[in-house]
Each structure stands twice: as structure tokens, then as C-alpha cells.
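Paired with chain B in one complex and with chain C in the other, chain A is shared by the two complexes that follow.
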Partner chain A sequence: MTIARNINRREREFGEHAFTAINYSLMAVLSFFTLYPFLFLFTSSFSGLDASLGGFSLWPRAFTLDNYVRVAANPLVASGYWNTILRTVLGTALSLIATFTLAYPLSKKSFPLRNFWTALVVFTMFFSGGLIPTYLLVKNLRLVDTVWSLVLPELVSAYNLIIVRNYMQTIPASLEESARIDGANDIVILFRIILPVCKPIIATIALWVAVWHWNAWFDCMIYVNKAGGEVMQLVMRRIVMLGSTDQITQMMAEQDIATPEGLKAATILVATIPILCAYPFVQKYFVKGVMVGSLKG
Partner chain B sequence: MNGSKRRMILAAAALAAIASGAWASGGQDGAATGAETKRPTITVANYQMEPTPEDAELLKLYGDKLSADYKVININHDKYHELLNVKLASGEIPDLIYLRQADTLGTYVKQGVVAKLTEDMIKQNAPDLYKMLSSYAPGFLEMGKINGVQYGIPAVSPTNIFHIPLVYRADWMRKVGVTKVPETLAEFESLMYKFAKEDPDGNGKNDTYGLSRDGFFAVFGAFGVVPFHEKTDYWMKQGDKVINHTASSNARQALELIAKWYKDGVIDPEFVTGENQGGYWAISHALINGRIGFTSRANYYHWAMPGVYQDVDAAGNRAPNQPGAVAKELIALNPKAELALGQALKGPSGVAGIMEFNRLMNFYVVGKLAEQDPAKLAKVLQTLNLSANPDYLTRTSVKYGQEGKYWKLVDPASETMNMIPPYDKDQSYWSRIGGVLAMSGTPFPPKAAREQWAYSLKYDQGGVKSVIQVGLPTAMKYKAELMKIRDEAYISIITGAKPVSYFDEFLQKYMAAGGAEAEKEATEFIKAQM
Partner chain C sequence: MVQAGKTAKRYWDNRYLFMLLAPGILFFVVFKYVPIYGLIIAFKEYNFFDGIWKSPWVGLAVFRELFATASFWEVFGNTVIIGVLQFVFGFPAPIIFALMLNEIMDPKAKRTFQTISYLPHFVSWVILGGLFLQFLSPSVGPINAAIKAFGGKPVYFLADPKWFRSVLVVTQIWKSIGWGSIIYLAALSSIDPELYEAAALDGAGRWARIRYITLPCLYPVITIMLILATGQMVNDNFDQVFNLYNPAVYRVGDVMSTYMYRKGLENMEYSTATAVGLFKNSISFAIVIASNHIAKRINDYGIW
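On to the complex of A and B.
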């Protein structure tokens, strides 16, 4: 009996170890694939020679900080950074306020015409005005060339709104009832009772919105045409795309220039690293928020 | 005005104050001015490398010269036509519009956003421009006509009078014992076989090829055609018809030869994906990485090795030239590599030829809104005229700013300019100072040392050109589909997946898919011009 049990246990242990080993090695391979693009950019950004000059390398060829010096010296990078930070901070703050104040009433069963309002919101998930009508709207509201053209059109995302609404619906009604007995009104309940409970979902939505704002460039390309108004992603695009058009669109010999690969890599990293750093800090709320907020009708 | 509205919408937002402070500084006060004087405000959309501020110095210079106010509509070059279309659809029609693709002129005319011009208007208001085009690019003004009406003002490349280069690895040639750079197709063929078979890189492995996709230009050129260009259709007269090079019997003969070379292992099997692997467009990665020994990619100046001609340096002294953009990459990768630039190859007919890029680069048009205001329209044309000033100093300073401040004329005889630091490293500064108002593509004969070198290579001779350089409506309509059919057929024939006789079947398919219709249109277009 005992011998049989021992063998059983040993087999089980072997199975567990084998599983763990395979699991870890798979994860390592996956992580490498995810990390490699960054690693590649990282090494090229410190390489003096043009990175097109040879394939795979984990170490910078001809180490130099020159690429970063040149990125820092570009006046467009400074203004681009400022514009991106401005739109991200402003956009995230306003989006959170608008999304939560809209989601709260929609999460209440007693809210009049609740289904109608929800349907209106969901409608925008499937149909949009299209590029030109949206541009006309933004232009006629005189938002063109201001930061508001980057913040207001995407202020409330229907998808985020529904996730927040669903999250709020999972909060027990008794929590609010007890506050009401203590004499709190709706505003106090929202800010003192509901919001603290909603921390995970706030962190999640904030991260999503912030990342979206950080990465967005197309709206800026359309709405903001004044000098110094470009966001970092557009500046980066300009630097990276330079020289990739061919003779048909090239006009003269003097425009016959291209950005060295190392400089491209440095620019990309400068544009990407800050938002990447935001992830670890919200990680702990993030998983919880995404799980709880899943769609439950 | 803006502020109060913002405050209304977002009184609660604490950040509003910071934001409006930072963004209102640009302010749009353009609407208020203009009424007080007769100075028209001219809006311009042109190629630019970065946005132009409203107070850029050249905007003032132009304004003083022509008593007008200028406003640059900054449009990101990367998605130029998409963004221009959004502006046009919303009723913002710039007064001077650059059409990045010459093909699109017809479309914009049909949309009714382009003002009608007459030859007299151009002669009167832009005499220098008119003279420049008629003396250095005769016939190009005609290309801006649609149904007999002048709409477009052509931008013509000054350097595309030279055909594309024939670039050989000279060190490989020496290795396989060939001293003479090929002049005929037969000599070329024998060299390509040697490049593929005789281990020219000396590594003991059979890992080299003669040529790849861009090298085909030289072979097709020897037969007098450009049938396999990635994006552009080339047209030729044949009898009383105008036909696409793609559908010519010359192309078929060349294909037969290339297919034979492919079978013998002379062609890089990766030709299907092209020689460039991204990044700077002019680089042939296949050549600089030592896979192939010949290419015709890009222009002569990209491949100039150091010291092939004498340039003028910043101090005005003669000095060996700096390497061209691609030559520089090649040297960095392989310091022992050497290049030889050859002549266009003589084909079976005894005539040498190779593709020449279209000289027509793009069009400038006047916006429809200026049509009602003849005084303004005249000023738009006068604006362009400044870029065509016969004096090099004048026409260069309306684009690159004041001489002595941004650049220096180091050799007046060869019209050589050098950028003054830091502008030599800041290639987009001209956009920032308002050089956007200038027209690019003024076909004055190039005089610089680099171009003298191209003349010495005889690259101004033997270029195969297209008799039609604009996109005609029917041709444009079927272009994507026809190019797909062509690529499929040409690649199958080259790789041997289909025999050469498949060309007849391909022709039928091609003609039925719109090729015949496009041919008819092209024939009528040329007839109408004569």
C-alpha cells in the first residue's frame, strides 16, 4: 500500500515538474519574442553605424550616444512631448470624469428610460459619422488647432462606459442604502462610496485611455495644423518615414535624404518608453478591473 | 472668443486654464485682417517637411514683394492627398495647391476645385515661369491641359534628363577577369553568368547572382521598353497606335531572355520581393549585401563613390566628392567594394536604351475660389513666378532663405551652394522659414559638378521615356487590376512556372480587363495633341 502510494506521489511530482519546466520554457520563448523588438531598437539606438548594415546583434555596433543627443536637440521633440503629455493628462482626466458620471446613473435600475440611454450609447459603437462629417463638426465648433480637438471627440468611449456600468452594477445596493440612511445624497454617495469601491476599474480605464491618447496621432494630423502643435507620435512618424518614399514622390535631389536607422530607433524608444513605464504601477488593479468588468448584459 | 466657449463647455475642468493658455498662443487672428486693405490673403498647400509657423520669415518676404498676405495650410506630407481631400470637402480650398501625384489632376478638375487658367494669364503673370518651361521643358505645359483647358502648372525634374544608372561591382568584375564594362546585351549576359557562377566574392560558396528586379530595367531597356515598373505605366507609339510597354512584343523578347537566365541560376530568386528591404528607398540591399553584382536602382548620384568627380567644398576649393547616399552604405558595409557605372546596353536592334524616370513630377493648381478674383489669381501665379527667376541667387533664396544666413554660394559658375551650419544638418529648416511658398521642380539645366559627372557618363543619352506622363482617366481606373495581371504573368514567365508562349494568353486577359480601353484612350490622347 505505502509503496504504491509513494510511487504515485513520485509520478505526480515528476508530472508537476515536467509541466512547470515546459511551461517556463514556453513562457521564456514567448517573452523573448515580445522583448526582441525592443531589444533590437535598444541596440540600434546606441549603434553608430547604420543598423541596416547587418542583421542580428545583441550589442550595439560602435557604441554611441549620438542618436539620443540628436533626438534631444530636435525642437519638434520637445514640443511634441509637451503636446502629448498635455493631451494625455487632460484627456484621461476628463474622460474619467465623463465616463464615470455617465456610467453611474446608467447602472441604476431606477433610472428613467435607462435602456433607451444605454442603446444610444451602444449605437455609437457600431455607427460613426465618418471622417469628413466629424472634421466639419470639429471645425465648426472652432476646436481646430486646439487641444480640445484631440480630447473632446473621443471623450467617452462606449466600450469603456459599458465596462464601468457593469462594474458598478456588481456593487451591492445595501452599501448605498446604508449611506442614504446616514443622510448622504447622490453626489456624496458617488464620490464617497462608489468611487473608492471602483478603484480597480478606474485604474484600468485610466490606463486604457492614457495609452490611447499617448499613441494617437491621426486625429492630430487632421485637426491640428499649426506649427508646434504636433504630438510626439506624429513627430516620430515624420522622422521614421523620412526617405521611405520613392522617386515618384521625391521631387528634387536635395530632398534626397533619409533618417539613419539608429536615429529612428532612438526616436521610437523616446516616444514609447514613458507610457511603457506606466504599466507596472497599475498592474495590480488592472487584472482585477478587467476580470470584473466583463460584459454581463 | 475661443476661450469663453471652452469655459462654457468645461467649466469644471481644473486643467482647462493651463491648456488654453498653452494652446491659444497660436491664435487665429487671420479672420479679422484682410478687410482693411486690398491685400489678398493667399492660402498655400505645398510639400513640406514640417509645419510652417504663421510668422515665418519668407512669408513676410513674399508678402512684401507681391503685397499679399500668405497663410500656409500645413498638411502632413505622409497622407497628403487624404488630408487635402478632407479640407476640400469641408470647403477649405487653398489658393495654391500642390498635387503630389500628377495622376490626380483629372480627378480634382472633375471635382470642381481647380481654377481655369489660360496661356496668356501665365505669360502675363508668370513670364519667367513660362519662359523656363518653354525653353527647358517644351511640351510639359500642355500636359496640364484637360479637354483643351489649362489647369495644371507642371513641376518638371531638372535631373531626370538623366536615365537610371547601370551599377556594376567593379571588384567582382576584376575577380572574374572582365575588364570592360558591358556595352551590349551580349557582353552583359556573359558577365552576369560569371557573377553567378564564378564565385566573384571569393568565399567558396555558390551564393551570388547576377541581377535582381531592378536589374531587369537594363535588360528591358536594351529592347527599348519599360514594361515592369512597380507603379508607372510607360507608353510608346507603334504604327498609328499608342501602346503600353507592358503589352509590347519587345517586352516578350526580353522576358524570354530573363526566363532563360532564371533557369540557369543567374537571377536572384528573391527578385519577387524586390531589392529594397525597407528604410531608405534608394538602397538595393541585395547589392550592398553582396547577393547580386548589378543593379539599376535609384539615380546616378546615389551611387557616386568618393572621388569620381571634383566638387566644390565649403571654402570654395575643389575637392573630391563625398560618396552618394547608397555608396556610403556600401562602403561602410564593405570598404573593399568598388563600383563601375556603365552605359545603357545595346540590344538586338543595335540601339542602346534604359528607363528614364518621368520628368513630370507633379502639378501646381490654383484653387477654384481664386477664379472669381482675377487680382488674387494673378498674385498666385506671380508667387510661382518667383521660383522660376532666371537668376540662381534669387530663385534659391525664395526657397532656402537669405544667402549668407542659411546658405552660401560657393561657386557661382557651377551654381553650387553649401548650407551654413547648423542648417546643413537640419534638412527641414526651409519648411520652418516659409520656403513652402516656393515651387519645386524647376527644370533649369543642372550645372553642378555632380551633374557634369552624369553628362560625362552620357546618362543624358539613351533614356527610354513614356510618350504620356500623366494618368489618363481610363488608365487610372484599371491601373491596379492591370498591374496585378501583369505582375502575375511576368513573374510566372520569369520563374518558369509558365512558358513564354503564355504571353499571348496574358495579352488577351490584359486587353479584356481594360488594357484595350486604356490603349484606345491613349491613342486618342496623343492624336488630339498633334
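On to the complex of A and C.
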């Protein structure tokens, strides 16, 4: 009896260990495949012209900083960075102001026509005019070629607004009462009392909008045509993909390369590095946002 | 009279709130509702001279012409096929990933795997487009280097119609598997650990615990996510396709949003492009309404 049970237990323990080992290995493999394309670029970006062709080595061959020197010397990269930073800072600041000022009245149960205003906002999550009407609007408003064409069309996201409104609804009304007795109006109360309690959600939304702006490129591609007006993502796209898309088949067939692969890799990395550095710190706020949103979207 | 006076007073009492409300509502009216109104150009023959308002009405002529175009149905087919493929393979992936992650007991290792898996979510498709162009390249890409090392012929992943849809599915999973698992991990963390302890005492192994405790606890979340995902099936991923495709694979990879972009902003056929957009929007709107209805009937949890 005891022996049988022992064997049984040992078998089960073996099974558990095997399970753990396999699970860890699979996770390690998955993590490797997540990181490897970035590592490949990294390696390639430090490799010289002749050596960057092919292979899956993790270390650069014919180590060189040439590619980065050439990227840095490209004036489009500097202007691209500036445009990206400008739209991110301006866009995030204005978006926060517009989102929180709109969310506050909508969080008040007694606000006249509250359901109507909320429905007006929520409807836009499910139905939109789409590409062409929006494009014509931006054109007719003469926003083309200005930073406003990148900031205004997506100023307030309905999704973010609902999250903020829900958060504000959880703030006890008693918090405002003493200020109200002192004669403060709603605007003062929002800025003095409500916003300071909203700090966690402000941080979440700010990071959300900032990362969105940092990664945005399509609006810039269609609205900004002036020289030097491109955001970093678009500069990278032009260098890495354009000129190659037309003759892509031919390009891939031969090794007749207009832009050296190492230079392309360095350009991609220069556009990516800020987000790669920031994301480990940013991600926990993002996760929080997903959680809040999932409670009742 | 008394009623009117009361309403007026209520509005007056809320005047500061209205001041706060005004800019935001103005934004929604100008940048969201004016474009919705602009959809009327799908029913007009848009020309640059007359603009949106004065261009002549043509009724459903634009739609009739669109539905008679073979390339439109090819694009519609691609959208549905790619949407279904991404759903079939992409939907279970984060669930499986969450279950695997949940079985990692060491919190440090778990957090590391988790953080790594989130990485691609933060990188835009325009960058990933550049990255995969390099990574999958027949001349310099490591995958083709491996194929060549084993004596195979290099594969033109992004230029071969046989491969392109698979590339879309795999890269989509690669980008979203970690991020998509968050919602399931949240549900998993709320499972009472006593359930596992009791099961372990009864001699349940790892598989039995996953099968009889973990999965059943996930069913409600899976149901909701499933319904939301079906609504996404015609909403193709413009950023992904646009940054990976090229004329060699239009036949299998061109989807409604990329078709709309080329029609509208490259060929300047504003009316046609708007009609494509309206068609697509209406389908996804109808699906959202229907799936919300179903969600409410199944577990009393709708989106609104």
C-alpha cells in the first residue's frame, strides 16, 4: 500500500516538474521570439556594409558606428524628432484639458441633459465619418500643414472620456461640499479639488495619449506636405520603405540595395529607442487603464 | 410658467458646468459629427469645383458602380478572410498565453515574461513594417538565412501571395499576444487560491486544475471577449496591412481600408472612397449592435 502510494506520488511529482520545465522553456522561447527581431536590428545597425548581409548572429560583424553617424547627419531625423515631440507635448496637454473639463459636467448626476451629451459622445465610438469626410474637413478648416491637423482631429477620445467620467463618479460628493459652501464655483472646484484627487487617472490618460501621439504617423502623411514637416515615424518610413515598395520584388530578388541594410536598421532603431526605454515604466499605467476600461467600457 | 422658470434656474445654476462642457462638445460636433454629415458625398458626384455642398446629388449611383466593380468584391473577400483567420488563430493565443503565465509560480520570472510580452504593443506598425521588411527579407533576413543554411530556397514572405496572409496573422499575434492576455490575467488573479489548495489535496494534478478550475473561471471573460472580437472581424487593421503590403500581394492582401485610402487619397475619387467607408462602417456598426444584443441575452452584460 505505502509503496504504491509512494510511487504514485513520485510519478505525480515528476509530472509536475516536467510540466514546470516545459512551461518555462516555452515561455523562454516565446520571449526570445518577441525580442529577437529587435536584437537582429540592433546587431545589423552596428554592422558594416559588407557584413550586414544575412545571418543570424547575435553580435555585429565588422563593428562600426557609421550607420548611426549617418542617421544623425540626416537633417530629416532632427526635424522629425522635433515634430514628434511638439505634437506629443501639445497634443497631450490639450487632450488632457479637453477630456477632463468635459468629463466633469458629465459626471454630475444632476447636470441637465446629461444622458444626451453622453450619448452624443459615445455614439462616435461606434460610428464615424471616416477617412475622406474627415480629410476634407481638415482641409476646409485650413489646418493642413500645421501642427493643429495632428492635434485637433483626435483631441478627445470617447473611450478615455468615459473612463475619466467613471473615475470622477467614484469621488464622494462630500469632498466638494465645504468648497461649495465657501462660494467656489464649479470651475474652481474642478481645478482645486477634483483634479488633485484624479492624479492616478491623469497619469494613465496622459501616458496613453502621449504614446498614441508618439506612434502616430498616418495623419501626418495625409495632412502635412511641407518639407521638414514629417514626424519621426514617417521619416523612418520614407527612408526604410519608400523607394523600395515600388520595386520591392526586384529589390528582394537581387541584392541591389539603395540604402544599406545597416543604415535602415539604425534608422528604425533611432525611431524606436525612446519607446523601448520608456515602456517598462509606462506599461503598468497602461495595464491599469485596461483594467479600468474593462470594468464597464 | 413655473415649470419654465424652474428649468431656466436649473440651467443658470449649472452655468459654470456648461462652460466646462462647451469646448469638448464643440470638438465632438466639429470633428466627429461634421464628418458624419460629410458622408453625404457618397450620394453625390463630388467635384473639386463645387465642393461638398454644391456637388450634384446622384442617389445610389456611386454604390451601384462600386458593387459592380470586381476589385471591390476581391477586397471585401480579402477583408473577411483575413479577419476570420486572425480571429481563429489570434483569439485563442492570448488565452493560452495567460494560462501558461498563470502556471509560472516564481513572481519575478512571471513579471519578466509579462513585461517582455508587452513590448511589441508599444511599437507602431509603421516601425514594425520596417522591422519585418528587414527581418523577413530574402537577402538579409535571419529566417531566410536559416532556410538557406538548410539548403532551402529563400521565401519572399512579403511579396509572395501564398505567404502574405500567414505573415499578417503571425505578426498580428506576435504584436498582441502579451497585451491581449492582460484581461485574462486579471480574471485569473481573482480566482480564490483555496480552490487550488483543495483540489491539490484531492490529488488533482496541474492539468486537472487548469481544466476544472482555471478554465471555468475564465468562461465569462472569454464569452465577452469573443463577442467583441466578432464585431472586429470586418474592421481590418489598416496600419498593419498598409505597412506590410505591396502591389505584388494586392490580390490577397488588399483590404477595405487600404482600398479606400488608395481610391480616395491617391486617385482622388472622393465619392467612391466615402461609399466604401460608409459600407464598412455600417456593417461593423450593425455587428456591434447585434453582438451587444446577444451579449445581453447570454450573460446580462452588454457594452451599453
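Quick notes on this one:
Here is the rule we use: the second predicted complex is superposed on the first by the 218 of 297 C-alpha atoms of A that agree within 3 Å, B and C clash if a C-alpha of one lies under 4 Å from a C-alpha of the other, contacts with A are read in each partner's own complex, and residues count from 1 in each chain.
The rule is short, and it goes like this: a contact is a pair of C-beta atoms (placed from the backbone, for glycine too) under 8 Å apart; a residue touches a chain by one contact, two chains touch by 3 or more.
Everything numeric in this text was worked out from a predicted model, so none of it was measured.
When the shared chain is aligned, no partner comes close enough to touch A:65: not chain B, not chain C.
Once the two complexes are laid over each other on the shared chain, residue contacts for A:222 go to chain B and to chain C alike.
Judged by the touch definition given at the top, the superposed model places A:127 against chain C, while chain B stays out of reach. In the superposed model, A:261 lies in contact with both chain B and chain C. For chain A, the partner touching the most residues, choosing from chain B and chain C, is C. Using the contact criterion defined above for the overlaid structures, shared-chain residue A:136 touches chain B and also reaches chain C. With both structures placed on the common chain, the touch criterion links A:241 to chain B and to chain C. Legend: residue contacts after superposition of the two complexes on their common chain; A:21 is shown touching neither chain B nor chain C. The intersection of chain A residues touching chain B with those touching chain C, taken from the two complexes, comprises 52-54, 131-132, 135-136, 152, 222, 234, 237, 241, 244-246, 248-249, 252-253, 255, 257, 261.
Against chain C, in their complex, chain A makes its touches with residues 12, 15-16, 19-20, 23-24, 26-27, 30-31, 33-38, 40-41, 44, 52-56, 98-99, 101-102, 104-106, 108, 110-112, 117, 120-122, 124, 126-137, 140, 152-156, 161, 185-187, 190, 211, 215-218, 222, 233-234, 236-237, 240-241, 244-246, 248-249, 252-255, 257, 261, 264-265, 267-268, 271-272, 275-276, 278-280, 282-283, 286-287, 290-291, 294, 297. Residues of chain B that touch chain A in their complex: 1-2, 5-6, 9-10, 12-13, 15, 18-20, 22-24, 26, 28, 47, 49-54, 73-76, 78-79, 83, 86, 89-90, 100-101, 155, 157-159, 231-232, 278-283, 285, 298-299, 301-302, 325, 329, 332-333, 357-358, 361-362, 427, 432, 440-441. For chain A in complex with chain B, the residues that touch the partner chain are 49-50, 52-54, 76, 82, 86, 89-90, 93-94, 97, 131-132, 135-136, 139, 141-142, 145-148, 152, 221-222, 225-230, 234, 237-238, 241-253, 255-258, 261. Within the complex formed with chain A, the residues of chain C that make contact are 7, 10-11, 14, 16-21, 23-25, 27-28, 30-39, 41, 51-52, 97, 100-101, 103-105, 109, 112-113, 115-120, 122-124, 126-127, 129-135, 137-142, 144-146, 148, 156, 158-159, 174, 177-178, 182-183, 186, 203, 205-207, 238-239, 242-243, 246-248, 257, 260-261, 264-265, 270, 273-274, 277-278, 280-281, 285, 288, 303-304.
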